[in-house]
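Next come two complexes built around chain A: one with chain B, the other with chain C.
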Partner chain A sequence: MMNLLSAGFFRLWRSKSFWVSLAVMAIVGAIEPLFGYAAMAELAANGSMDASVSLDSRYIIFPFLSGILSSAFCALFVGAGHSDGGIRSKLAAGHRRAVVYLSELILCVTAGALLCLGYIAAVLATGIPLLGPMRTPLLTVLWYTLCAVIMTTAITALFTTISILCHNKAVAAVACIFLAYFLLFLGIFLNARLAEPEFYPAHQSIEDGQIVTVEARPNPGYIRGMKRAVYQFLFDLPGCQAVQLSVTMTTGVPPRLPLWSLASMTMFAGLGVALFRKKDLK
Partner chain B sequence: MEYVLTTQSLSKHYKDFKALDALTMHVPKGSIYGFVGRNGAGKTTLIRLICGLQYPTSGTYALYGVDSAQKDIAKVRRRMGAVVETPSIYLDLTAQDNLKEQFRVLGLPSDDGIPELLKLVGLGDTGKKKARNFSLGMKQRLGIAVALAGSPDLLVLDEPVNGLDPQGIIEIRELILKLNRERRITVLISSHILDELSKLATHYGFIDSGRIVKELSARELEAACRKCLRVEVTDIRVLARILDGMGIDYKILSDGQADVFAQLNISQLSRALDAEGCELLSAQERDESLESYFVNLVGGGSHD
Partner chain C sequence: MVNLLSANLLRLRKSPLFWEMSALSFAFGAFMCITRVYERSTYGFSVSLDSVFFGYAMVMGIVMATFIPMFFGTEHSDGTIRNKLAIGHSRVAIYLSGLIVSFGAAVTFYAAYLLACIVVGIPFIGNLDLPASLTAAALCGSLLMAAAFCAIFLSVTMNQSRKATSVVVCLLGTFLLLILAVVINAKLNAPEFIDLYSLDVDGVCTPRIEPNPAYLSGMEREVYRFLYDLLPTGQAIQYSNVAFTSPIRLMGLGAAVSMISAAAGAALFQRKDLR
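Presenting the complex of A and B:
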């Protein structure tokens, strides 16, 4: 395993797809506070009472971005192992399939975590001078960061599994990127559906000079029972979870989310090893 | 004879298609074993199996006496280097970095052997050029260098000269011969370019439809393909006596047929036979090449 990791990191530091992904994360991280600063300047120019824009809202973005970039990175990095014959070479050199798979997983997961760190370093480097420190307590931010990195590593494990089981680099890339976007949009959809109130609250309005009282009434769009449980289950999965993380950052991310991520990562790894061991390679 | 690779009724089926059908072969130690067969005969499938890329449907193989069912087979594979179909090289790395990566895969303690290895395959001066920009021949040679990184005793090359220009073919041929002669590396080389193979191989295995149809040494093949005169007579014993008297090498094929390995004066032979009451019925010159031997062996049917 150590030999494969040593070889893998040697290749990772020379991987164009890794450095491009990291550069994108860092550039977006550096630009986000600039947009925030521009918005703040505009509010101040318009004489707004609260012309401050927080760094927090710029910080929370990275799980969305890291999911999409890690999908492309995994497909290209692991796909090159297939197309350039690296995986073949490792097996022919006598390494066991499970070890080859796990070494690729560790490399991709590490790369995914480094992508997150690239964004965090850049957003803090430009954000603190421009927008000031974050308003959310430090421990809450650190907890959010840990949960977001764990989610990124979990989704990276999924993309690694797809990439190592699919010989065709282009097909793997399309599948991973499509899946990353699908999970993201599914998360947005699920968030909207689950956030629906159970009841429309009672309220009063004036119609034709008369005060009209409207009683509280159930929301027909509210999701109940098994359907809600399924929606919540999907919402907790890595990928969809990015939306939930951003929503709960200031209040504190529920501990079940990183636990789900770790469980998913273990499941993807187990599934990947089992399928890769049986796969006929070309 | 000591064998580095043997297979025993090795089969690989893809659904209903039998890529290998109870294949049995023997690769002698120190040989250059030419694995000959047309496209789709099962050459690459066998190589994939012995490299551990695929699993046999049935049957076994043994590398250096270790059976494929044993756990130690993975360890023994470290004594083998392989280039399967395309060379296993990362196109976005230089030749040196490709070898550095492979040295790490193999857990070799130092990179000291890399310059020598690059020099051996004629890539000592490629510098920072990425493998992506290499010619096909250079890529193939780098693939061989990667396969040689672990100082293997057995080198498996799958169609190594496919698509190469004449100069590239000569370079690969000389490299293989050098590795075999100077480093005593056994080479299993699959090809359907028979003319090229005939310049290298010390042993041959002919494969057709997933089965070995013939295994023989280059010397046996040479004898089989030797230029000769096939004569048909009424009494083979008389012919044998006369040829023995003339000190001529021959091989009796049947009661009335023999191959004579010499330039003969037909009139003289005919008179000598006639004097002993034997008739010369026909005489036909035969000169079989590896190509015609192969075609005779596997038939001239259409490719799958």
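Presenting the complex of A and C:
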């Protein structure tokens, strides 16, 4: 295992896909506060009453990006092991399939966490001088960061499993990228449906210069019962979870989310080992 | 050139990916129509075929970003391009035949979607309510937009020997351009004025209008408008909603993007080391 990890980290260090992914994360992290600063300056120039832009709104983006970039990275990095015959060589050298799979998983999970750190370092380096410190308490931000990194590692485990089980690198790339975007859009959809109020509150509106009071009424689109439980379960899964993390950052991420991520990662790893043992490596 | 086209078309006909994507396009069209019928029966919305007929424009970029690198990337990995060069075909002819076949595939996918809209949509939703001139403009424009996507993705695929890298670049690039177009659209749609109300001590409500600080005006608005019209993903949003003000300008920009991308791709392919 140690030999495999040592060789793997050397391969990771020399991997173009890793450095390109890390560079994209760092560039986006550095640019986001610049956009925020430009928006702030524009609002101030236009005489807006609240022209401030918080660093928090720029910081929360990284779980979305890390999920998408790790999908491409895992497919290319693990797929190279298939196309170059690296996986067969490792097996021929006497390593067990479970150990080969777990070493790839550890490498990809580490890369996923490094991608997050690349964004965080860049956004803080340019964001604090331009937009000032974050408004959310430090402990809440640290908890959010930990949960987001755990979610990234969980989704990276899923992409690693797909990539190691799919012999064709291009097909694995398509599957992983589509899955990453599907989970993200599913998360946005579920957030919108679950956030709908059970009742529309009483409110006042103006019609022809007169104040009209509209009574409270139930929302027919409100999801309840078993359907709500299923939606909530899907919303807690890694990938969709990125949306929930961003929504709950300032109020504190629920502890069940990292627990779900860890459980998902364990499940993907177990499934990956079981399927990889039976895979025909040609 | 004719031989190259004939060989590419034969390979296209035998490609499982091509048939799967055609079937998926048809299924997508049927799904969109059924969704509208469901919305009408569940929520009582009034639905029209207009809202789904050009919906494929929105996914055209993603479909072609998957199909072109998977289909033409094989030519690199299997050494087919080298074989074609070895028997005397020019690089420009190889590139052009690829471009024509990829556009043909895009038209087939679009036709499969439209067929589903006609077969499923017309009986359950009704006919198109759009004027014939607008329908023709949207159809021609979305085909030019498809040509622009084909030219861009083919230039990436033919100049990148690794199929998986082409797939990643095309797919991530398309999603990035799609998000960019959505952001530009949101900025352009910001209202010029905001309605505000003030309530005085006597309970009298007075409406007032204030300029929206987020509204784009002057040169800045023109630049955003130009980018929105230039980007194939921006065009995709406009065609899918059949919400465009100047079809000639959109078609012109679509044709320009197609020609520039094809010319740049072919020029780079001329110099490419095929190993």
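Note that the second predicted complex is superposed on the first by the 272 of 282 C-alpha atoms of A that agree within 3 Å, B and C clash if a C-alpha of one lies under 4 Å from a C-alpha of the other, contacts with A are read in each partner's own complex, and residues count from 1 in each chain.
Keep in mind that, in the parts below, a contact is a pair of C-beta atoms (placed from the backbone, for glycine too) under 8 Å apart; a residue touches a chain by one contact, two chains touch by 3 or more.
Since this is a predicted model, take the numbers as computed values, not measurements.
*Asks:* Given the alignment on chain A, is it a clash or a fit between chain B and chain C?
*Replies:* fit
*Asks:* Tell me the contact category for A:75 with respect to chain B and chain C: first, second, both or neither.
*Replies:* Only chain C is touched by A:75; chain B is not.
*Asks:* So in the superposed three-chain picture, is A:170 touching just chain B, just chain C, both, or none of them (first/second/both/neither)?
*Replies:* Only chain C is touched by A:170; chain B is not.
*Asks:* Could you say whether A:211 touches chain B, chain C, both of them, or neither, answering first, second, both or neither?
*Replies:* After superposing on A, A:211 lies in contact with chain C but is clear of chain B.
*Asks:* Give me the angle at the C-alpha centre of chain A between the C-alpha centres of chain B and chain C, rounded to the nearest 10 degrees.
*Replies:* In the superposed arrangement it comes to 80 degrees.
*Asks:* Could you say whether A:201 touches chain B, chain C, both of them, or neither, answering first, second, both or neither?
*Replies:* neither
*Asks:* Which partner chains sit in contact with A:181 here, chain B, chain C, both or neither? Use first/second/both/neither.
*Replies:* After superposing on A, A:181 lies in contact with chain C but is clear of chain B.
*Asks:* Touch test for A:46: chain B only (first), chain C only (second), both, or neither?
*Replies:* second
*Asks:* I want to verify one number: the closest Cα approach of chain B to chain C after the superposition, in Å.
*Replies:* Between chain B and chain C, the shortest C-alpha distance works out to 7 Å.
*Asks:* For a test of understanding, state which residues of chain A touch chain C in their complex under the given definition.
*Replies:* Those in contact with chain C are residues 42-43, 46-48, 68, 72, 75-76, 79, 169-174, 177-178, 181, 206, 209, 211.
*Asks:* Show me the residue ranges of chain B that touch chain A in the complex, using the header's touch definition.
*Replies:* 48, 51-55, 74-78, 80-82, 84-93, 97, 100-102, 104-107, 143, 146, 150
*Asks:* Which residues, counting only chain C, touch chain A once they are in their complex?
*Replies:* So the residues of chain C touching chain A come out as 66, 69-70, 73, 163-168, 171-172, 175, 197, 203, 205, 207, 211, 213-214.
*Asks:* Tell me, which parts of chain A touch chain B in their complex?
*Replies:* Going through chain A, the ones touching chain B are 2-4, 6-7, 10-11, 14-16, 80, 84-86, 88-96, 280-282.
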